[in-house]
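Quick one: this structure, given as C-alpha cells, is what I'll be asking you about.
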Amino acid sequence: MHINTDKILQVRDMNIHFTFGGGLLKSGRKAVLKAVDGVSFDLLTGETLGLVGESGCGKSSTAKGVLQLYKPTSGQVLFKEENLCDLQGEALRRMRRQMQMIFQDPYASLNPRMTVLRIIEEPMKVHRTHGNRKERREQVIEMVQRVGLNPSDIHRYPHEFSGGQRQRIGIARALAVRPELVVCDEPVSALDVSIQAQMIHLIEALRDQFNLSYLFISHDLSVVKHISHRVAVMYLGIIVELAAKEELYARPLHPYTQALLSAIPIPDPEVERQRTAIALEGEIPSPLAPPPGCRFHPRCRLREAVCSRQTPQWREVAPGHHVACHLV
Amino acid sequence: MKRYITRRLLLLLPTLLLVSFLVFCIVRIIPGDAVTLMVAEMGFADDEAELRAVLGLDQSLPRQYWNYMRNALRGDLGTSLWSGQPVLEEITRRLPLTFRLALMALFWTLLTGIPLGVLSALKQDTWLDYLLRSVSVGGLSIPSFWLATLLVVFGAIWFRWVPPIDFIPFGEDPLASLGQLVVPSLVLSVALSASIMRMTRTMMLEVMREDYIRTARAKGLSEWVVVIRHALANSLIPVLSIMGIQMAFLVGGTVIMESIFVLPGMGKYLLDAITWRDYPVIQGINLFICTLIICINLVIDLLYGVLDPRIRY
Amino acid sequence: MQNQQQAKPILEVHGLIVRFTLRDGALIAVRNVSFDLFPGESLGVVGESGCGKSVTFLSVMRLIPTPPGKIDAVKMRFSGMDLLDASKRQMRRIRGNRISMVFQDPMSSLNPVLTIGRQMREGIQLHLGLSGRSLDDRCIELLDKVGISAPEMRLKSYPHQLSGGIRQRVMIAMALSCNPSILLADEPTTALDVTIQDQILRLIRDLTRDLGTASVLITHNLGAVAGTTDRIMVMYAGRIVEKAPTPLLFKDPRHPYTQGLLRSIPRVDQPAGRRLYSISGAPPDLLRETIQGCAFAPRCPLAEEQCVAQAPSLEPFAPEHLVSCWKAADAHQHG
Amino acid sequence: AAEPQYGGTYRIHSTPIRSLDPHMETASQTTMVTVNTNNGLLCFSPDMTGVEPDLAESWRQIDDLTYEFKLHKGVRFHDVPPVNGRELTAADVKYSIERIAGMHGRASDFKHSYYFEGKIDSIETPDDHTVIIKTKKPYAAFLKYIASPWSAIVAKEVVEQFGDLKRHAIGTGPFILKEYVMGSHVTLVKNPDYFKAGKPYLDGIHIRIMTDPSSVVSAFIAGRLDGAQVTYHFMPTIKKQVPDTIVEQLEGTYMWTLRCPPWIEGVKPLQPPFDKPEVRQAIAMAIDKQRLLELAWGGFGKTQVGPVPSAAIYSLSQEDQVPYDPEKAKALLAQAGYPDGFSAELMTWNLSYMTQPAQILQQMLKEVGIEIKLNLLEFAQYFNRAYRFDYEMALHLMTAGVDPEEWLIPYYGKVEEATYYKWSNPELWDMIDRQQHIMDPAQRETLIKEIQRKVIADAPNLFLYTQDRFLIRKPNVHLKRYLLDVQGLMGEYIWMAQQ
Amino acid sequence: MKKQPHKRTRDTIAALKPHYLPASADAGGAAPHRYHWLIDLFIQLVKTKPLGAFGGALVLTLVLMALAAPLIATHDPNEMHGMQTLVPPGSDFFFGTDALARDLFSRIVHGARVSLTVGLGAVGLSIFLATVIGVLSGYFGGVLDTILQRCVDAIMSFPWLIIMLTVMSILGPGTGNVILALALAGFAGSSRVIRSAVLAIKHSEYVLAARSIGCRQPAILIRHILPNVAAPILVLATLGLGNAILAEAALSFLGYGVPPPAPSWGRMLSGDGLDHMLRGPWLVIFPGLAISAAVFGFNMLGDALRDLLDPRLTGGARANK
C-alpha cells in the first residue's frame, strides 16, 4: 500500500443544510435541517477513510457534498488544492472525471433502460477520454472483466443482474475513467454476506492496483474495520471521533463510538452470548432540532452538566486520534 | 390548515387574473366579432363604428380590460351584447343546474366506479375482471351524445318515455328537480365511471401488493376488513385527483347533455355565446367556471389530507 | 432445547414445496423443506438472498399470494392442526393469534393512513375480544413492554411520525399482542442500524424467553442469530442444507456453503488484514424444475462427479446435526 | 269543422329566443311570441297574398301616396305595468311605426327600418282612432309591410320603462307574457280582455326551448308536446308511432343559394373565371337541382327557379328553369376559355343542412371539371366573411319577409342598398328601383318576373331549392291558420279539443 | 404532498419482479432469452395479456385498414351512386349507403385514415407538448416550474369546449386545426402526469449518478429522464388516442370537427348518422362500431402496457420514490 502523505482531499468545515417550508404555497416557518454541520477531514492519496454512523447521521450527505452533488451550504472542499465549491458548470464537470462515486443502492443507481455497455461507456463519452466507439467498447469490456462479469453481459439490462452484479457494474462505471478519488457510499450494505465479501475484495484489489483513494461509507463497522486505514465516526451531522482504525477499535474514546462498537453482533455464539452492549438511551433526536451542547448528551450514559451547555472541542488526544467529547 | 386555505384562496386571485386576461384576449382574437355579426344581421354596414362605440368595443384593449375588471370587482360582469341581460344574473340562474348535474354525475360515477374497480382488482385476471374491464372500456368507447340520443329516441319509441322537458327549479320541488337529472347524469357518468373504475382497479392492485396489506392479513383480519379499512383509503388518492379533473370536465362540458335533455344549463349558454361572440357572457362564464374549478381543486387537496395523514398543510 | 425429542413439536412441516407460476415458467421457491419447531425454542434461518426463507414461513401463515403461488406439503401441522386443509376462517383465527409474524420492513409494513393505535387494536379486538378501556390498556402495556416511551401518545400517531426503530417495535408489539405460540420474525433488523438492531434482538430474545413462545428468526446476519437462537437452519436454493444447534453450527459447520458463509463475514473481534473468503459464482436459477445434483455443486470447492449427478438428502451427520452434502465428512478439511 | 272549445295549454317548442323586441329582431322565434302578445294594424290573409284588418278596423287608400287607418275602439293593452290595461290610441301606432323606422333609439338597432325609413312623408293622427300615413312616392309594398308581424304595435311607456323590449312583450295581443326565462321557456297566458270577442280559445301557450331535433321528436311521441316542427327524417317514425298525428307539409321560404363572388364595380371587380357570364351559366347548368334536393333533403322541398321563392307571390314557374345540361356546361366552359375547368373555393357554414348540399355540389361540379374546395366556417366567421363580401363561391341561405322585392333589393339593388350581396348591373338596379313604385299588381308582377329572368341570365346566384317544413300536431289541436311558414304559431286561431 | 418512499425489501422486490434472475454464468440458458425490451414487451403482451393483445390486434387491424384504404375500399368514398340513398347493407354496398348515396363501407375504411390521423396527430402533438412542459417543469423545478404550473392551472380550468371551439374558431376548419384543438385541450392534464413521473425519478440515484459522472443537463434529460418516463407517456398516448377519436366525434356533433367530405367516423355518426338513424340504422351502427373498436383497442392496449411497463413488473426503475 502506498500511502504517501499528499492530501488528495481536504474538507474544511463543510455544512450542508436543507431548508423545508417557506414559499408562498407551503405553510409553516422555514425549517433548516443541518444534515452536515461543520465537518472537516483529510484524505491522503491511496488511503481509505471509513465513515461510520447511525443511519440518517449525514454520511451520504457528506459524500455528496464532497462531490458537489449537493452544493455545500458553506465550507471548503479542496480536491488537489482546488476548491470544488468555487467551481461552476463546465469547470466542475471536467473535474468530475477524477472523482467518482459508487452509490448506496445498486438497484436505484443504474438507469434501467440502458445496457451495461451504455452505462459504463457513458462517463467515457462524457469526458471524451476515448476516441471512438471501438476503443470505448474495448475499455468497457476490460472493466467488465476486471469487476468479474462476462464480456457477454454488456448487452444486458441492469434488472437482469443480481444485486452484487449490479454493484459491480456501478464500480466499473466509477472506475472506467480512471478517477483518483472514489467515494463509496455504503457499497455493500444492501448485499448479503457472500456477495458482500466479493465486493470488498474487488474494492481492495482496485485500490492496490490503481492507488486510489477511497472515502468509504458504511454503517457496518465490521466491514469498515476490514477495509479502511482510518475511521471517522459521525453522529447527527458532525464527526465525533476520527482515528486510525486499530486505534479506534481498540480504544474508542467517544461514548457513542463505544456504544456503537459494543452493539456489533459477533457471529460466534460463545462470544455473542457474553457480549454486553452499551445501551443507548432514548431516541435519535430530530436533525431539525439537534440538542444544544454536545449532540450526543441526551443519550449518553456518562453525561455531565457541561455536556448540555457547551459544544465540545475537536481535539487531538493522541497522535492521529481526534475526538469531540468533554469527558475525554 | 386555515392559513393554508386562506393562502390558496389568495392564490386564486392571480390565477383568475391570468384566466380573465386569457379569456379576454382570446375572445377578441377569434375572427368574426359580434359587431360585424350584428351589423350583418341588421343589414346596415355603415354604422359599425357607432355600434362599437356604444358597446364600448372601440376603446383600446387595455382600457376595455381595465373597465371590465373594475366592474367585475364590483360584481358587475357586464350585460350580454345581444340580449342586454346582466351576465351575472344569467349565470347564477344556470350555474346551480349545471353544478347539480355535475355533482349527480359524480355521485353515480363514484357509486359504480369504485366498487367495480375494487371488485375487478380483487378478482384480477379472472373472467369477472375481464368482463368488468371490457364493459367499462366499452362504456368509455361510446360517445355520450350518441348514447343520450339513443336513450331519448328509443325511450320515446319503446316506452313512450322521455326525460321531462319542463325544467323544474330546485326550489319548487327539489326531488322532482333532481329526478329530472337522473338520466342525463347517468349518461354522463358512463364514461367517467369507466375511468374511475380503471383507476381504482390499478391503485387497488398496487396497494394490495403493499407490505401493510400482508401485515393486516397476518393479523387474521377478514378479507373484507383488509380491503375496506386498509386498502381502499390508500388507493383513493389518485382516484380523487381524477375526480377533480372530471368535475372540471363536467362543469364546463355538459353542453351536449343540456341540449339533448333540454336543460337550461351553462354549457349551452356558453356555446351560444361563442357562436354569437357575446364577449361579456363568454368572459363571465369562464371566470365563473374557473373559480369553481379552482375551488373544487382546493377541496380535493384538502380531502387528500383527510385521506392521508402524511399530507399536512 | 432440552428434551426436544420428547416434547411435541408445535409446528411440524414436512416436505413443503412452494411454486410460483410466472411468465417465464414455474419458479419453485421452496423445494421439499422439512423441520419441526418446539415450544419455547428459537430457530434461526439463514441463507443467501432469494433462497426461500421468507416464502417458507409465509407459507406456514398461508400468506403466499395464490395465484401465482401454490403450496404443497406432505404435512404442515400447527399443534396438531392441519394448516394445509384449514379453512380460510380457521386460518384467520390462527393468524395474529396463535402464529404471528414480524415483517422485514417496518417502513412499509404499517398502514400509513391509520394510527398505530387503530392498527394495534384491530388484532386484539378480533382475537381477544377486548374493547374500550381494557383494549387501550392492553395496547399501552404492549408498547411499554417493547420499550416505547409515552405509549399513550404513540397510539395516536401515524407511522410516518415514528422512527424506524419505533415502528419495528410497534410491529413486534402487534405480533405479541395475542400471546402467540409462535413468533415469526422475518429479518426484523435489516433496515435498522446496529444499535437499534441490538435492542430489537434483545427484546425478542427476552420476550420469547419470558412468554415461552417459540420463535423463528429469519436473517442473513449471522451475528444476529448467533446470540439469539437455539438452532439454526441454513437454506440454499429452496432447500435446507444444514440444520444444527447454534453453537455446533458455528463451531463445526459441515456444509461447504455454511462454511463459506461463515468465512465471508468480516469480524470486528478479529484482527483486520485477513483476507475475506468469498463464495464464487451465483446461486442457481429457481425457475428450473429440477436442479441436477447438489444445487451448490457448481460453486462448491469440494464438488465431485457424484455431487453433480445426484442430489444429496438431508442426513444426520451427528446427533441433532443434519447436513445435506455428500462430502459432509470431508468438509472440515477446508474449514 | 267542430265548434271551437275553450281551454287547454298548447305546448310547443322553439329554438332559443334571443330577444322579444319585434322591431329589433329578424329571427322568427321572436315573432312566435310577439305575434301572440302584440297586434299590427293589419295582418296577412290566410293565403298570405293579401292583407286583413287587425287593430285597424278598416283602412282605405286615399290616393297613391295616402293611407288612412281606422282603429278599433276599446282595444286595451295587457293589464300589466306600466300600461295597466290602458286603451290603445293612434299615438301608439304613430310611435310604433316611427320606432320601426328607427326614429326612437339607435337607427341601426331596428332591423326592419327599411320598411319605412325615408319612405314615409308623414304620419298624422287626427283623432285617437285614426292614423293617416303619407308615403313620399307610390309604395307598392307598403301595406304588406304594415301587415308584417315585425310591424307590431307597442306602447311607448313600455319602451321607456325598460329601455328596449328585449325581455318584455307587452301589447294588445291575445296572450300575456307571464314568464320568459332565456334558454329555458316562455309562458303565455290568455288575455281576458282581448278585443276580439271570444278569443283566444286557449288558456295559454307554453314554449319550451329545445335545440336537439331528436329530443323534440321524442318529446312529441311521448306526448309532452302538442305541436312541433320536425325535419322530414323523422316523419316515418312519427307516423308509425303516433299515427293520428296531423301533419302539415308547408313549403319553405329559406332558399338555398349558390353564390358567385359579389361584384362591386370599382371596389371589387369580378375576378376570372367568374367574370365570364358563360362560366356562371355553366355552373348553373352543371347542377341537377332535382337530384340535389333528393339527396340533400330526401326530395321534400321545391327546386327553385329565380330569386323569388315559389312560396311567395310573383315567383317564376319551372318553365324558366335553367336546364340541367352538363355537356352544354362543359361547352360553355370551353367557350369561356376553361376547357379543363378550374378550381374554386366554396364557403359555407358548418352545420349539416349546409355541408350536405355543399358536398353534393362539389361532386356535381366535379363532373364538368370544376374542382371545388370546401371551406366550412363556423357560423360567426362565415357571416363575417360573407358580409365583407370576401369569398369565391358561397352556399348561402337566403330568406326574406313578405314582399317579393325583399328578395331583390338587398341582393341585386344599388350597391348602397344591397346589403346581403352586391351585383353591379345598373340595368338591374334600374328595374328594381322601378318596381317599387308600380301600384298596379299585374304590371308590377310582370316587371318583377322580368327582373328575375335577368338575374337568371346574369347568373350571379343560383337558386337551388327550398325545404318543406313539417308542422305536426296532436289530433285534438285545431289550427286555423299559419303565418309565414316559420312563424306558425298564431295562438288566437288555435283551439284544443278536450280529451 | 410527497409520497412516502417505499423502501422495498429484497424479497418483495423479488416477488414483484419475476424477471429478476440472478444472471448466473450457467451457459445452459434456462432463463428465457431476452431481446430488446420492446420486443420483449410484445411477447409478454401476447403471452400474458389476452385482452390487451386483443386490443392491440384491433388497433393493428385499424392501422392496416388506414394504410391500405384504397386497396380495401370497394368504391370511391366520396362518389355518389346516383339516387341509391340509404340502401341497406348488401352485396353491392357491404355496409349500405348513406343519405348522399355514398358507399358506407368505403367511407368507414377511408375514415380509419381520417380518424386515426386525427387521433395520432392530436395525441402526438399533445404528448409532445406535455412531455416538453412536464419534463422541464418537473426536472428544473423552481421558478420555471411555478410559472409553467400556474399556466397549466389556468389552461386546465378552462372548459375543454372553450379551448376547442376557440382554436377552431381562430384557425378555421380543417383536419390540422382539429388536431391542434384537441391537442391544446388535452396536453395540460398529461403534462401534469408526466411532471409527476419526472418528479418521482428526478431524485433517483441513477440521475444523481449521471450528474456525478459529469453528464450535461440535456444529456441527462434525454438519456436518463425521458426513457424512464416513457412508460407513462406510452400509456397516456394510447389512452389519449381513444379519447381524441371520441372528442372529434363530439366536436362533429357540435358542427366543428373534421370538415366533410372527409369521411371521419365521428362526423358520420353525429352528422347525417343521427339524422337518419331511424331510417338507416346502419348509418350509426357501423361508424359507431368503428369508433368503439378503436377506442376499445387503444384503451385495452394502453391498460395492458401500463401493467407490463410497471417498473416493478419488468424490473425497471425500482427506486420510484
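In this document, chain identifiers A, B, C, D and E correspond to the written order of the chains, with residue numbering beginning at 1 in each.
Rule of thumb we're sticking to: a contact is a pair of C-beta atoms (placed from the backbone, for glycine too) under 8 Å apart; a residue touches a chain by one contact, two chains touch by 3 or more.
Just so it is clear, the model here is predicted, and its values are computed rather than measured.
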item: Neighbouring chains shared between subunit D and subunit E, ordered by label; value: B
item: More contacts between chains, B-C or A-E; value: A-E
item: Rounded Å distance, subunit B centre to subunit D centre (Cα mean); value: 39
item: Cα-centroid distance, subunit C relative to subunit E, in whole angstrom; value: 47
item: Geometric centre distance via CA averages, subunit D-subunit A, whole Å; value: 88
item: Distance from the mean Cα position of subunit D to that of subunit C, given in whole angstrom; value: 91
item: Overlap residues in subunit B, where contacts from two or more other chains coincide; value: 30-32, 149, 153, 210-211, 308, 310
item: Of all residues in subunit C, the ones touching two or more other chains; value: 49, 104-105, 108, 112, 160, 282
item: Where subunit A touches two or more other chains at once, by residue number; value: 162-163, 165
item: Residue ranges of subunit B in contact with subunit C within the complex; value: 125, 210-212, 214-223, 225, 229-230, 233-234, 307-310
item: Residue ranges of subunit B touching subunit E (in the complex, touch as defined); value: 14-15, 18-19, 22-23, 26-27, 29-32, 130, 133-134, 137-138, 140-146, 149, 153, 198, 202, 209-211, 245, 248-249, 251-253, 255-256, 267, 270-271, 274, 282, 286, 289-290, 293-294, 304, 308, 310-311
item: Residue numbers on subunit E that touch subunit B, as the complex places them; value: 1-2, 4, 6, 9, 12, 16, 50-51, 150-151, 153-154, 156-162, 165-166, 169-170, 172, 189, 242, 246, 249-250, 253-254, 266, 269-270, 274, 277-278, 284, 288, 291-296, 299-300, 303, 306
item: Sites on subunit D touched by subunit B in the complex; value: 13, 16, 18-19, 26, 106-111, 114, 163-164, 166-167, 181-185, 206, 208-212, 214-215, 217-219, 221-225, 237, 241, 378-388, 410, 419-420
item: Residues of subunit B touching subunit D in the complex; value: 30-33, 36-37, 39-45, 47, 50-51, 54, 82-85, 90, 93-94, 149, 152-153, 155-157, 160-162, 164-167, 259-262, 264, 268-269, 272, 275-277
